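Given below, in the form of structure tokens, are the structures.
In what comes next, subunit A is part of two complexes: it sits with subunit B in the first one and with subunit C in the second one.
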Partner chain A sequence: MKILVCIKQVPDMESKFKVDGAGTWYDTGDLAWRMNEYDEYGVEQAVRLKEQVGEGDITVLCIGSDKVKETMKKALAMGCDRGLHVSDDDVSAREPLQIASVIAGFAKDKGFDVIFTGMQSQDRGSGQVGVLTAEILAMPSITTIVDFAYDGGTVTAKRELEGGIKAIVKVAVPALFTCQLGLNKPRYPTLPNIMKAKKKELLSVPVADLLEADARQQTVKLYFPEKKGGGLVLEGDAPDLAAQLVQILKEKTTVLS
Partner chain B sequence: MKFELSEEQSLIRETVRDFAETEIGPSAAERDEEERFDRELMFDSLAELGLTGIVFPEEYGGAGADYISYAIAVEELSRVCASTGVTLSAHLSLGANPIYLFGTEEQKQQFLTPLATGEKMGAFGLTEPAAGSDAGSTKTTAVRDGDDWILNGTKIFITNAGEAETYLVLARTDKEAQKHHGISAFIVSKETDGFSFGKKEKKLGIRSSPTMEIVFENCRIPGTNLLGAEGEGFRVAMKTLDGGRIGIASQALGIAQGALDQAVAYAKERKQFDRPITAFQGVSFQLADMATQIEASRLLVYSAAYKASAGLPYSQASAMAKLMASETAMKVTTQAVQILGGYGYTREFPVERMMRDAKITEIYEGTSEIQRLVIGNSLTR
Partner chain C sequence: MKVLLVAEYRDGQFLASTQELVGFAQQMGAESAMFAVGGGSALPAYDGTLYLADAAQYGEYNPDAHKQLLLSVIDQEKPDMVVFSHSSYGWDLAPRIAFSLGAAQISEVVEASDGALVVPVCNAKLRRQVQPSTSMCVVTLQAGAFTAAGDGTPAVKEISGDAGGAITFEGYEEAEAGGVDLSKSEVIVSAGRGIGKPENVAIIEELAQALGGDYGASRPVVDSEWVEHNRQVGTTGQTVSPKLYVACGISGAIQHLAGMKKSEFIVAVNTDKDAPIGEVADVLVVADLKQFIPALTEKIKAG
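Right after this comes the complex of A and B.
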């Protein structure tokens, strides 16, 4: 069984962010970096799938500068067999279609049975890369999975939908899955595995070798939400106020369905 | 000279930190309050991570990592729970390492491997009521009887006692010999007849780590449990403590770092006189001094760890690291309580526990006075 898991290196979300000079991304200086949380579920599921089937090869793919190799090492230490680093110092300037085209460019002739990606990245959060990759590869994709069961070529996945509803989908591999919180609890890499990760293959390929798509969208502006004023004052008599309040609760919150 | 962690060391730090914050941290205050040791949490889970044998070769069930990795692991654990840090340090450096350094191949297979994999826990029995800094005054005796030895005596203040299965015990085998000569090292297993446990100490700090008296009453152990040569015990103990000092220095470093992190976070949020107290140089200068001392301690710890892994002599380096890190931990934690003010004095915040935990690091595995003796001797010999 051949498995591909795509990960992204993102900043620690506890960091203090600043908008960069161009105003289109955050300043990447002075940040602590780690694996995108949703991608951790993908790595964990890939390793569990290999353990279940008893054989297989897991490739972890990541796009970015040399710095991302540190995060790839964690994926290798969790149980991926080899790494493919797509060297791209400008990765934050790429839009989702371009990222998907790079991944598809690598994956197209490799015969992967299962591809895992995160549901979205914690920084850009477009939620598109997994689905676009599957479309380019003409492969079915199942998004926001919170359960994954493989049995002889068929995957039964549980998807999380709006309002907490779950949907069960069955699909024959090859297929791509985007992973959501609740899918699994990622393992801590053990120390012996951290030491072994050093010896696993980690190839670097320049992004120009794989990138085929031109950008169709661009980030115009990145900014902090403007601080609004305090509360909202409602006017009117009691029944009127009650009606306004219920309307606001219905439209602006999830307190009333 | 590279002042950067390797990729593996960085990943070890990230992993142990995540693990410590998520799994160990949440119960630290409660376990301290209840004086409760949780073996599954504080030892078995470390074994699953591969920490219990981190520096030993894979052939003995270890992870084959270096002493800097060990220092990082103990620091990160101690940053949230000093009791968990010392559980690992005492197990690995004091219980297992002497067997690695001085054991025969049979002893390594029989005793070291289960300790490295974490199947068994280790402890070290040197201190006695009348033999602390003056370890050469050991009164516990081991008398030859056929192929066996019979042990009689009491050891006190033993970390991991009661829980550990394997004990490294120092006993006098030659009554005629003077002071530190005539002492030998033995491996004693928990279920041995004549080996029992005395009182559990009620302590100021590291209250989640069990500290007990161990008692030998005509305790018979096989001759194959003698570790190293007869009469070599003091040397075994001293070499063992050299490694243990790196562990305790790392524990102290972790305690200090944890306290500094708490103090900085609090000072940024706490507003007095219409501004965060970090705006006052009286506070920010204190934080600066704390951070500088911690960084200096860290470099001493890494230097000693580097030498240990490189096979270079490291007694002086580990004594310096332990001396500096422990005194820093005491200063930094006391200052952290001060910065958190009245809140810092309550058990609602962790800094008072960190301050109570820090004190022992100046005492065990060689008091600060003994460290100064070791360093002074190495300068003036």
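Right after this comes the complex of A and C.
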């Protein structure tokens, strides 16, 4: 079984963000970077699938500057077999179709049975790349999965809908799946596996070799939303804050009366 | 400008989000038509043309068939913009349509004026203004970003096409039954990722008890299995509107805000003054919840 899992490196969402000099993306200096949370579920599902069928080869693909290799090493330590780093210093300027064209450009003649992506990235959040990749490859795709069961060439997946309802769907492989939070419990890489990952293949190819699509949209500007205001901000010591808040609740609500 | 609205239909009903699409078209001052794979007698409140394919024949979820049906309507109507809800149906179908049309897709639009489309970035901490460069474009609208509107009865034009597809829809699995119905609670204290570890759920629960309410949780806490799913507040959990909602260590992702922003009074406790939860909070307490929450519980118990 040949499996491809696509990951993105994103900043920690708790970071203090700043707008960059061009005013079209966030400043990438002084940020802590990690694997896009949705993609961790994809990596875990890929490893579980290989474990279940008892054989297979998992490629992890990531697009970005050299620093994304750190995140790729985590995926290798979780159990991916090889890494394909698409070297692109301008990755933040690519729109979803371009990212999809790069992934499809790599995957088109590799015969992957299953492709996993996150259902969206935590930073850009377009939720398009997985489906567009599958469309380019003329492969079926199922989005937002919270359950994945493989049996003899067929996958039964559960899609998460609004209000806690799930849709049960079936598809024959090859197929692409976009992973929602809660699909599984991503494992923590163990120290021996972190050591082993250092010896795994991690090839880099320039993005120009794979990028086939022109951008169909441009970012005009990136900015902080205006504070809507009205809310009171309280700062200070815990006991003082508690006293202040109790006073406010007595005045503004009926829950303490 | 002409827009084609893609209505949503599930479990035998049109979803309320359909009216937000109508509201968007009105706000844009656009001429519109609507598309749906649906059925039944309760049609959306809309006074334009509804191109309707029968859900009994094409399935409520069959992306291949829905794509072909929608493309045939786009070919007839030639809209400037195809508009979906940013939902499990919309984000699934929209990229398939955008790809077939060679059109740009702008996801999760929260504001639109004079062709400038605005979308959230980094958990809504930032906003991005985007410009499509294709003549036709596809957009998905964030739930609740546009005011629901529309009245009248649509003029239905029945459409048909190929019902085949690579994906088989087997049915729905209902939300977990039992547990706590938070929609009836007058006070809810919710735990977010900021509580740090599962042991701290106890201090949230104690505050909820002191206030005579129930405790809830945001999605990351439920996904980590620190709190059971039937206490989750947000788009994929419960929608609540208590008299008092206390959000503890919750950053304020849109999926959570959508589930609690109609609460009468909202208190947020967060170490990050800039957390998006601050946008909906009546009071933002900037503090370490591990110190503040027990102090608050004590104060309330003391009367």
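The criterion applied here is as follows: the second predicted complex is superposed on the first by the 229 of 257 C-alpha atoms of A that agree within 3 Å, B and C clash if a C-alpha of one lies under 4 Å from a C-alpha of the other, contacts with A are read in each partner's own complex, and residues count from 1 in each chain.
Heads up, the rule we're going with is that contacts are C-beta pairs under 8 Å (C-beta built on N, C-alpha and C of every residue); 3 or more make two chains touch, one makes a residue touch a chain.
The structure displayed is predicted, hence computed values, not measured ones.
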Taking the superposition on A as described, I'd like to know which of subunit B and subunit C A:Gly231 touches: first, second, both or neither.
second
First (subunit B), second (subunit C), both or neither touched by A:Arg34:
first
Is A:Leu203 touching the first partner subunit B, the second partner subunit C, both, or neither of them?
neither
Of the partners subunit B and subunit C, which touch A:Ala77 in the superposed model: first, second, both, neither?
first
Subunit A contact check, subunit B vs subunit C, more residues touched by chain C
Looking at A:Val246, would you say it contacts subunit B, subunit C, both, or neither? Reply first, second, both or neither.
second
Just subunit B (first), just subunit C (second), both, or neither: which does A:Lys69 touch?
first
Once chain A of both complexes is superposed, is A:Ala149 in touch with subunit B (first), subunit C (second), both, or neither?
neither
Between subunit B (first) and subunit C (second), which does A:Ile194 come into contact with in this model arrangement: first, second, both, or neither?
first
Within the complex, which stretch of subunit A touches subunit C?
11, 13-14, 16-17, 19, 26, 95-97, 119-120, 122-128, 131-132, 135-136, 140-144, 156, 158-172, 175, 181-182, 215-225, 227-228, 230-236, 238-239, 241-243, 245-246, 248-249, 252-256
Tell me, which parts of subunit B touch subunit A in their complex?
7-8, 10-12, 14-15, 18-19, 48-51, 54, 58, 63-65, 69, 73
Going by the contact rule set out above, which residues of subunit A touch subunit B in the complex?
34, 69-70, 73-74, 77, 188-195, 197-198
Sites on subunit C touched by subunit A in the complex
10-11, 61, 63-64, 86-89, 91-92, 94-96, 98-100, 102-108, 116, 119-134, 137, 166-176, 186-187, 211-213, 219-220, 222-223, 229, 232, 235-238, 243-244, 251, 264-265, 267, 272-274, 278-288, 291-292, 295-296, 298-300
